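Presented sequentially are two complexes of subunit A, the first with subunit B as partner and the second with subunit C.
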Partner chain A sequence: MASPSAPVEGVAPARGRGPARDVAGLGVGRAFGFVAPAFLLIGAFLIFPALWTIYIGITNYRLTGVEAVSPSVVGLSNYTKALNDALFHNALWLTLVFVLGSAIIGQNILGFTLAWIMRRTRPAVRRTVEAFVLLAWILPSTVVAYLWVAFYDRDGGTLNSLLGTQGTAWLIDYPMACLVVFNTWRGTAFSMMLYSSALQAVPPSQLESARMFGASGWQTLRDVVFPHIRGHVLTNTLLISLWTANDFSPFLLTKGGPNHESETVPVYIYNVALQGGELGYSSAISFLLLIANLLVSLVYLRLLRRRS
Partner chain B sequence: MTPGFVLRRIGFYVLICAITLFFAVPMLWIASAPFDSSPGLGVHWPDWTLENFRKTLEHPYAMHSMVNSLLICVTTAVAVTLFAALASYALSRVRIPGRDALLYGLLLLSSVVTGTAAMVPIFVMMFQLGLIDSRFGVALVMTGGLLPAAIFILKDFVDAVPKSYEESARVFGASTGQILRDVVLPVARPGLATIMVWAFVNSWGNFLVPFLLLRSIDKQPGAVLMQTLTDEGGSVNLQVLPVFSLLFSIPVVVLYLLVNSRYGFRFHGGIKS
Partner chain C sequence: MRSLSRLTTVGVLGAAALALLTGCLGSSDSGDSGGQDANRNADAKKVELTIGSNSVKGGKSSAGATFLEDVLIPKFVADQKGKGVDVTVKFQGDGSDDEVYKQKLSLDLSNKSGPDLFQIDGIWVGEFAQAGYIKPLTDTVGDAAKVNDWDGWKQIPESVQALGSYNGQRYGVPGGTDGRVLYFNKKLFQQAGLPADWQPKSWDDIISAGQALKKLPGVTPIQINAGTAMGEATTMQGILPLLVGTGATINSDGKWLGNTPQLRQVLDFYHQIYSTGLGDPVLQKEAKGRDKSFAEFAANKIGVLGESDYFWRSVVEPKEGVAKMADRDSAVGWALIPAMKPGAGVKGQDFVSMSGGGATVINPNTKFPQQAWELMQFMNSADMVKESLDGAAKITQRSDVNSEVLSGDPMLSFIADKVLPITQFRPGLAEYPKVSAALQQATADVVAGKSTDAAATAYEKAVETAAGSKDKVTTN
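Showing the complex of A and B:
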């Protein structure tokens, strides 16, 4: 669940597509039996926790101490606390910076650039470049995080050797910038693939006529290509923003430090809950994150349905 | 070949090289450090040795954590595939009351309830159930998390299987069980294999759930052990970590290549693998 699974691209709940016909003679009763185990597991380990967050969020439940044994309901005081919590505001702001910098700007633009310039390169070049971009995406997150910790390291890290800036502790001096570059590197593959397939839907004849009329590259992009892929840009941006906002890998690079300077909301939730032991308060923040996810997903699904 | 054209070509290739370097350079370390007799954090041409591999194999927890990973991920992948197959077949072929609402709910769930948003209640729940520090508990949580998306992808596969196969089998008097076992299962095999690989790869890389739920080091899967070793630091670990990163990455890359070459797609539903 750390790498969130994508809702299926281009597949809104299929209404009327292929009318269900019970060709094997399963019957409604056995069909329920088939569905039951999956939904029991989903109910127990996904739906129940999500709903339970609401309850824990209005208690003063703690990991240790008196409130661990007998928590009491404290109403909305966890939420009013969040309103005045400077560290929570800090986490919100850093998450915004992280999403804006690495997803909306970084992955989007780099992914589109790759898809655009790779259209007509030789297959060998294309495959090589894509292999590296994809590798960054499929490697396990702990491995990738360690690669970047090594890359940024103060003594002998590759970045310092390349720039000749020995002794610069990048992760301590510029933690958020490091995370933004890291996540751009990590996630660009998705945008690249999505835009590659989107660009195939642009009619070549229109590109051809744009060239005949002497349109510059930028004009072609704006007036010919963009209108065709506008929907893809929107869905891509929504998805990668959702994933980035929920990404736990900043923890693997900086643990939120130094001094909360890279503590995005997921890391903050972990630190408040497991380091600070404040389960009630961290549940309230989790619930806010769930609501934000729900809003983004609803917009996303509405877009998908309108397109299909 | 105007000068402008030549300049643009040069600019174009400079851009490609720059982007490729950006993606390749941070990865070089995993190719050089495992084979270097004095591995550091920087990339340099290795002084070849296989000593680090011996150290890693001898490490008390390294290989053991691979076994833990395998245990957790195989359980998860099998459970996800089995339950998703049953559910997606029923949802595809039988009009259960409220089916469309169910599917819509699944789609929402798969993106809304992320590991980070649900970590506190999941931790509290497993704590109260006494499933903290249990590898089985980790597999259960991962299965629940992967099922919605798995059902959705598999339903797509099953929808694409022509119903005429099942119809003709029925005409020849096959029972429901026979149809499922001898007709549907073989036709749906590529879809099932894909889901199994997808679930395996996803749980293999999952750090948060085992990190949250496991306490003892001898139960940790590879993803968590790496973090434990990183936190410890020290020169012994600098010999073990590079090799371990490499070994830990191999299954993911191999499975990815396998699915890619076998079934010729790599972008199904925006899901890795």
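Showing the complex of A and C:
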């Protein structure tokens, strides 16, 4: 929160005065008037729900039953329960696997590879490939989930027909692997686009020089390309890991099953809240997920700052 | 310094907001119990009502949806027109899993919206009533005499009325009941050399029939619902009928069943079926496993399947079923569910079953409570109940209708004559759904390969949490 103001403060003393507080000459009242609509929206749709979640998280509020009418405040017991809940640990672990497999490794590498290869191809080919990759990204989740359920299905699924492995229940036997492949396919478009534009920032002259000095492809990537796009890699990884960690579409494929084997944290929250009716407990877990998101963001921001 | 003070401001604002929120949750409900005027809009000439039901034309419980939309609503509208009231009734159909329907209803009701009349499962009445989502009929309608003097009550047996009651008060009008049996495919039985009038006398008989069926290629011998994906269908079609076959019930003397020998016997039976290839463990884990099991039975790929008469009426039913079997009448056989051993069942019975059923309730926040009660009575009149059958048979809530219609259908008269006298009902207690979920998890564990003991231990822990204390759970 303080970081944007830091450079301003750094500049101001040079002019021998305090920081310029009112550059636009609006006055405090009018300035507030200008941002008030934004603040109201953020307050209503972001801050209020967040506070509400924190509040519900310290109660035993339930979807039905006595606690639905008169919930009582139970303090931090939802949080202590979460810390000792084997299913929550399971969900955390699966989320980690999901983020690592499908975002940090899958989408990142596939996205970069596509961007790197497409750089030199004919525009027609590039446009076609991009269109297909983008399609995976912009289709509604329900449609995509339906396609993938059909793809993985045990009886007459496309994958089984392709591989000749009739009767293999992919979503039951290898639920996490299926989800990782699915999400890599689903989200690669963003990484591909981001890296495509990042690669344009690499000066062609440096690539030329690298080639003249006889650098191998890998050396070029590591010593010439990567230093230029490091910031993009970090930003991209931050965004896709947060999106993936909070992604709910695994539910559409497996509902967290079989027997909790693909129950990532968002799915677990849903199952606890609506299947089990424990709204209080699920709010506490939601808040923990929020904290985890903040922590991950902080780590990435640190890394980004160290770069500059 | 500046950022610090800004942080403090945010903190103070946050704390203030939290303080404002505290006490808002749920409390809005407690204030108005009975506070609303039950006679609101009683004389309205223009009335709008909505009926909610987990059925949809061409999908889940299609016949029920067809009746509500095409028969009941037009007739009620015409009937009211005769009385000078302009009524519009909308049908809000749903075709989802029961758990999903329940979530949607709960969320609607907790926000004081939702349909004016809706159908719910009898076991939800307790938790809905506790949450204040539904109120005793006498409260909603306001006039006790008006409700209690309805002549329909006399036709509904006490045990069936309990499906719409909680703590001795009527919350809704039940919509009939059902009974569970073992269905079997006579064509497969013939191929396996098993009799067409098969009637197992013990669990071992089921297993040996399964072993004979196992020799047929591509056939899953037995489908006893297991796992969490099938939800209540696992408890009702699988665990509970088996459990009463060991002589135990899920709740007796105010205590929930814990890790007892009877529970372990049930889990052992599951283990026997799903570890020896007599059942398909994968099907129990699939998100749409129950629907798939229906389709497989209809395609002659499952030998024995435990279900209620719903299966006969709405699943393999040749015209409107979700998994139609054109030759249902000749190909589908049924047998009573045997106790573990003869005489080992609850009350010393040789054969056992479980029954449930739904109820139609009135939304306490309806704009037109009086008209909703009118519709409720109209819906449950002998004429309408008969109409709802559309020539087919079903065990309705009304004895007068049952005695007329059931004789036409051999399966349903079997349920009425042979199954209902030996059946058990689930306890209408608010904790039941949580205990049921724990039972489902225990079977999921067994099907996934956990040992019976480990599954039973984990189950007992879950039941203790659900019941609130160890004293409310029986052990050994």
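In the analysis below, the second predicted complex is superposed on the first by the 252 of 308 C-alpha atoms of A that agree within 3 Å, B and C clash if a C-alpha of one lies under 4 Å from a C-alpha of the other, contacts with A are read in each partner's own complex, and residues count from 1 in each chain.
The working rule: a contact is a pair of C-beta atoms (placed from the backbone, for glycine too) under 8 Å apart; a residue touches a chain by one contact, two chains touch by 3 or more.
Just so we're clear, the structure is a prediction, and the values are computed from it rather than from any experiment.
In the superposition on chain A, contact is made by A:254 with subunit C only, not with subunit B.
Of the two partner chains, subunit C is the only one that A:70 touches; subunit B does not reach it. With both structures placed on the common chain, the touch criterion links A:39 to subunit B but leaves subunit C unconnected. By the document's definition of touching, of the two partners only subunit C reaches A:276; subunit B does not. Touch criterion met: A:59 reaches subunit C, while subunit B stays clear of it.
When subunit B and subunit C are set side by side, the one touching more residues of subunit A is B. Residue contacts after overlaying the shared chain place A:105 against neither subunit B nor subunit C.
Of the two partner chains, both subunit B and subunit C are touched by A:48. In the superposition on chain A, A:172 makes contact with subunit C only, not with subunit B. On subunit A, the patch touched by subunit B and the patch touched by subunit C overlap at residues 1-2, 5, 47-48, 52, 56, 61, 155, 274. Only residues 2-3, 6-7, 14, 17-18, 21-22, 25-27, 29-30, 99, 103, 106-107, 110, 124, 127-128, 130-133, 227-229, 282, 285-287, 292, 430, 433-434, 437, 444-445, 448 of subunit C touch subunit A when the two sit together in their complex.
Residue ranges on subunit A touching subunit B, taken from their complex, read 1-9, 11-15, 17-18, 20-28, 30-32, 34-35, 37-39, 41-42, 44-50, 52-53, 56, 61, 110, 113-114, 117, 121, 125, 128-129, 132-143, 146-151, 153, 155-158, 160-162, 185, 190, 193-194, 197, 239, 242, 246-249, 252, 265-266, 269-270, 273-274, 279, 282-283, 286, 289-290, 293-294, 297-298, 300-301. Touching subunit A in their complex are the following residues of subunit B: 12, 15-16, 19-20, 22-30, 33, 40-43, 79, 83-84, 86-87, 89-96, 99-100, 103-104, 106-125, 140-149, 151-153, 156, 159, 163, 166-167, 169-170, 176, 179-180, 183-184, 201-202, 204-209, 212, 222-224, 226-227, 230, 241, 245, 248-249, 252-253, 256, 266-267, 269-273.
Contact residues on subunit A toward subunit C in their complex (touch as defined above): 1-2, 5, 47-48, 51-52, 54-56, 59, 61-71, 73, 154-155, 169, 171-173, 254-255, 257-259, 274-277.
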